[in-house]
Amino acid sequence: MTSIDKNPVAPRVIVREAAAPRPRWQVWLIRPEVVTLLLLVIAAIVATRLSPFFADLGFILESSTYYIEFAIVALVLTIVIISGEIDLSPAAQMALSACLFGTAFKAGAPIPVAMGVSLLSGLVMGAFNGFFVTVLRLPSIIVTIGTLILYRGLAQVLAGDKSISGFPGWFVGIDYRMVGIVPVPVLVFIAASILLGLFLGITIYGRQIYQIGTSEIAAIHAGIRVRRIKMGLFIASGLTSSIAGLMVASRLGSVRYDLATGGELTMVLIVMLGGTYIFGGRGSILGTFLAAWLLVIIATGMTVANIAINAQLTIMGLLLIVSIIATNAIYARSQR
Amino acid sequence: MSEIARLFRAREAGILVMLVLFVAVVSLIQPRFFSTETLRIVLLAVPLILVAAMGQMMVLVARHVDLSIGSILGFSAIAAGMVFRDHPELPLFVGFAVGVLSGAALGFVNGLVVTVFKLPSIIVTLGTLSLYRGLLFILSGSKQIDPNDIPEPLIRMAQTSPIDIPWIVIIAFGVAFATWLFLTYSQIGRQIYAIGSNPVAAPLRGIRVMPVTILVFTLSGALAGLAGLIYAARFGYVNPGITGVGFEFTVIAAVVIGGVSINGGVGSVLGTVLGVLLLGSVQVALPILGVSGFWQNAIYGGIILIALVIDRTVRQGGLRGLLARGGA
Amino acid sequence: MTVSAPLVSARGISKSFGGVEVLRNVDLDLMPGEVHALLGENGAGKSTFAKILAGVHRPTRGTIELGGKPVEIASPIAAQRLGITLIHQEPISFPDLSVAENLVIGQVGAKPLGRVRWAELAKEARRLMGLLNVPIDVTVPMRGLSIADQQMVEIARALASDSRLIIMDEPTAALTPKEVETLFKIVRRLREEGRTIIFISHRLEEVRAICDRVTIFRDGDKIETATTASLTDADIIRRMIGRPVADYLHRGTSHVGEVALSVRALTLPGRFENISFDIRKGEIVGLGGLVGAGRTDVARAIFGVAPATSGVIEIDGKPVTINEPTDAIGLGIALVSEDRAIAGIFRTLPVETNITAAVPKRIAPKGIIRRTVEKALAKESVEKLSIRLASVRQPIGELSGGNQQKAILARWLLAEPDILILDEPTRGIDIGVKAEFYDMIGELAAGGRAILLISSELPELLALSDRILVMSEGKLTADIPRAEASQETIMHAAVPRSGRHTVSGAAA
Amino acid sequence: DPVSIVYIPKNTGNPYFDSIIKGFEDGCKTLGCEFTTVAPASAEATSQIPFVTAQIQRGVNVVAISPNSPDALNQVFDRARAKGTIILSVNSDMPGNETHRDAAILPVDFTKTGPSQVELLGKQIGYEGEIAILSATTDAPDQNVWIAAMKETLEKDPKYAKMKLVTIAYGDDDPQKSTTETEALLANYPNLKGIISPTTVGVAAAAQVVETAKKADKVKVVGLGTPNQMRRFIENGTVEAFQLWSPYNQGLLAANFAVGVKNGTIKNEAGTVFEVPGLGKVTVEKDSVIKTQADLTTFDKTNIADFNF
């Protein structure tokens, strides 16, 4: 500025101060995760009122195993959405990889090999999605709608609508293996949440994923390997899906092409309920973690209260829409 | 109109070639496929998809997408069916009105939520997909509309007409023609293309994006409703748990094959019609070739992806995620 | 000048974007039948003022009277109704619609269900393009038209809507002299018809050619309105930039080292071809040209954002391959890109995150982010570049444009590049910060860095560069040593000779 | 306190199961047991599991269910039974997994379904000509049992020597597919005489297609369907006759059996014979399989009016 002050015809230099930042308490309190937590509490209370049979931790934990596989995939989906993409095919990937597992097993492969096959397939399917998105630069939303149909279709071609079963006892029933009163799948979910939470929160990759989601072009200009990271995310999504598929196979002791049908809706619902921003750049594992339990509470609460499935579908749909509206509103506030 | 012709000729030619090739190949493998009988079957199979595809096409052209049409179809079919069942005294068109209007209403809600809250249509309609299905279960009390509750005249629309082409076929192609007129010769029609072509510029050009977008979703809903009646006519009954489930994917497949760009602004009625015919032929060809029905979905999925790649190569416009649609 | 009542009189117009005030209490009267120039540096607020008149932006404060009556210009539609048309600085178009349609779509008075008469539409369109004698087929889709042609369509559109007030925001930026002449003919005719024209341009000779009066903006303030004749170029420039150009003290080509970056026959079809030049350590090389000349594309090619299809890039004499920015950064190249809002900042993320974005290894040597290190680096940069902010945790979007730009520069300084490409580094930032930038750029060069400075502001180029390259239509048309450099020599090389621009693609 | 029974059909909105429910309700009215029914939205393999768990939690005594999968529910059933809940598989059994349920209430003696369907069609086409089968899915267990029996009957029994089974098509119990498959049948086999469709969705679709193609006189359609679904075709002559059993009676029987077993008045073991008001004597067969009726009911112009389900 000195160069100007010493200037005879010095213009009035306006110092454009930055706009005042939002107060701390707002930053902390007005976050989607808080809303999710609130909903969680409310849901729990309502559910307890609805049915005397609900308030039983053992029961809730047991019921949670029916949604936890989706919740685990939803954790990865959260990261995918934060990066500005979306993957609607995980449910179908679960089905296909599970059917591959079953077929391999029936073909005489030992369980570990069959599991290997299934995991490999998840890897391939994820890479396939990633190829269309990062190499052909096609919008992930429509690509994964295509692959969602394709993968499920292939599962059908592979397994017909036979249900493949007869897996050895040690493989079956992962959801009945307890640590204390906590079923193993739930532990897996909690562990995955912590790991991915850390990944997103304190590693440079997590940081760069937020940056990509906020502005992909800026990220490219900042030298962030956008395509590589996105490819990685889709592969991760595929792998996680196949793991989830195997968990279902173990829980049911059998697999069929229609396994996890409609799961994509549940997963997106969880992520949205968790307050992840559909346009990318914002969101958190914590939110998704809370949302998963919110979903468990709502679904279980309604089922144990014998509330007709009609109402359940309606409420799920409403929830999804309301949750995006709320999230958007909150982010709009903080948007400057 | 010559403009339109020029704008899209390349694409339609491509789809036509695909269609011809497909028919040729199938006919080589199974000569019986190449027959008037098959043509009749195809013509009977397409109206359902064609009508809904016209709506979906407009939605895509406006840079949105409507995943809820399957549930809307089911809802309208049930609504109309309940009128037929509970008030057989009322004339046929009342049921039609109920079906189409209920569809329009649900579509309107989609449009409203998408535009007012500036949300991506893909997620909104994913939500209403489930929401509307729930509502239709509630509305129907989970009770199916049985064949003998569907009025004879309606059933007959799927069978004959004065000129011996079933009414539903005539209606479907009539709708297609009307859509073509609307998109080609009406100001709003052109504005739909404009919005899809450059959503940012549209308001600067004095285009009322919100009402036009809502209109598009409403039309899509109304046409899905009409499809619901075609469903009732063709299959003779409506089941809350079955009718329209997964329908959205078939339609999107047809439209995308038809060369309608997922990036908005591009898409023609002719192309969509060809796309629908191609998909219809596939549907009919599978059983005639004796291919297991289990292949159908895999093939649909494959076709969508191929169509996408073609779209990508045909136009090198920077593809942006549909997520950006409707949003911001 | 006519003594009649003003057509438009704006009073106390102010406008803020996210807490940043970009227009301050602007009063302006526009007479019927006058051509009125708005002058000012980039970011002075010209377009913003224009957009307010055209209903694109709502003023934060202030009133507008049209023909004596106070009016609310709530939307572009409202503006059209009032007979106000804006020719946007960046041509906006519907790439999938035909040229003819682009001319009329959304026009007021068109009934929603009114039918489109294609034949007549085409006829009218041909007439309009004829007026501007632009020989293009009006039935082809807009996609693929050159920026110049897109600009011409914008102008034709303005003619089609017979408005009382036509605002032309830098309509000539991408036009050839021939096209400019045609445009002026039309402007004169419009003036005779008694219409009012606002003409925004950075080229004084154009202003002198057709403008009756000029209004000079500086940094959001209206400095002065006067008849064109009453001001000399020097007066105008001084009022625009607040001090004589000469006052930029230039750090001479003191210690220029050996060649750091050398580019040979770089070509990206449709954007630029056969670009060759060298930059030495400690040297500031300016790169001038008209908008759309291809400068940004060259920069993007060198940095690996959109690599060239052929040609050689050598660094310190060694040929290198750059396929993505990561490679470029690895080779010690940095690019401060032209488009800060899109290619620069992460709007919703904290300033510190923005600053450290390009140095992952430094803040996270083992993959885990070291918050302390990050904070330290950010704070350091904030000090060094005196970035004004409330906290390094606050979203960068809450900062003013200038401070955002500083943060981006800080990001690249952390990367300690040997070669620094600055694309329009001072676009849309206020005069004070601008001066600071000039100092910094000088210091960077003095520090032995090779600098490529892309700028549309001739004074800036002239003041800072040791050598000035000029591009026109994707070709390098001049390499002017500092001694011979002048506005004239640069303009002469910048203005396309061969007629049309070649750069194509949709400006969406 | 009264025995509490819950019935979980394959999915909601399926009229066939509505009449099973009716049977349960009426049964419980007379027996004084508590009856509720809950159903998933889709017939997908896993969709019933949360409901079963919830019912266990609610402490119901008997879970009667029409399983969506022969084996996917094994684990949850075991848990239920460990808690003393009685699991009845209603309307279809769980082949190979019988040990995971307490008993199976089947509508009819499945070995008779195949032959009687063949006979029903044979009668209509003069035991002569090309016939085709439109089934559900390639892997539908019940249908496959019946189809096997049909094939055997056609081969073994000289009575049907002139009837030639040309193909088996699969409509996946989806109206759309069943329709196109039938249309394909008509196209592929110009002199087809009859279609047997042992699935409610299929037989309705087949009838609809034949009517649309105006070939009702040339191609006879028989199969397993519900009166409400088929009434129209019987009345307008498109279909002469079709068969089914009484889903209502299954509900009735299941209710009686459940209560009996719960109260210890009925022993759940092979050979037990017990009385069901309205159905007469019923025997518990091997693997605790109980058949509601011996032979299929045939519906035609004469009796269709008497049924509403």
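Order of writing sets the chain letters: A, B, C and D. Residues in each chain are counted from 1.
Operating definition for what follows: contacts are C-beta pairs under 8 Å (C-beta built on N, C-alpha and C of every residue); 3 or more make two chains touch, one makes a residue touch a chain.
No experiment lies behind these values; they were computed from the predicted model shown.
Between the Cα centres of chain C and chain D there is a gap of 74 Å.
Rounded to whole angstrom units, the spacing between the C-alpha centres of chain B and chain C is 44. Distance from the chain B centre to the chain D centre is 35 Å, each centre being the mean of its Cα atoms. Taking each chain's centre as the mean of its C-alpha atoms, chain A lies 42 Å from chain C. Taken residue by residue, chain B touches two or more other chains at 133, 137, 142, 292, 294, 296, whereas all remaining positions touch fewer.
Contacts with at least two other chains are made by residues 12, 39, 41-42, 138, 172 of chain D. Chain contacts in this assembly follow no simple pattern; the graph is neither a line, a ring, a star nor complete. Here the touching chains pair up as A-B, A-C, A-D, B-C, B-D. Contacts from chain C toward chain B in the complex involve residues 56, 75-77, 80, 88, 92-98, 100-101, 105-108, 110-116, 118, 122, 139-141, 143, 506, 508. Partner chain D is touched in their complex by these residues of chain B: 32, 35, 37-38, 41, 44-45, 133, 137, 140, 142-144, 146-148, 150, 155, 158-159, 234-237, 239-243, 245, 283-284, 286-288, 290, 292-294, 296. On chain A, the positions that touch chain C within their shared complex are 1, 3-4, 7-21, 202-205, 207-208, 210-211, 214-215, 217-225, 281-282, 334-336. Here chain B touches chain A in the complex through residues 65, 113, 117-120, 122-124, 126-135, 137-138, 142, 249, 252-253, 256, 262-263, 292, 294-302, 304-305, 308-309, 312, 318-324, 327-328, going by the rule given at the top. Within the complex formed with chain A, the chain D residues making contact are 12, 36, 38-42, 44-46, 49-51, 53-54, 57-59, 69-72, 74-75, 79, 137-140, 172.
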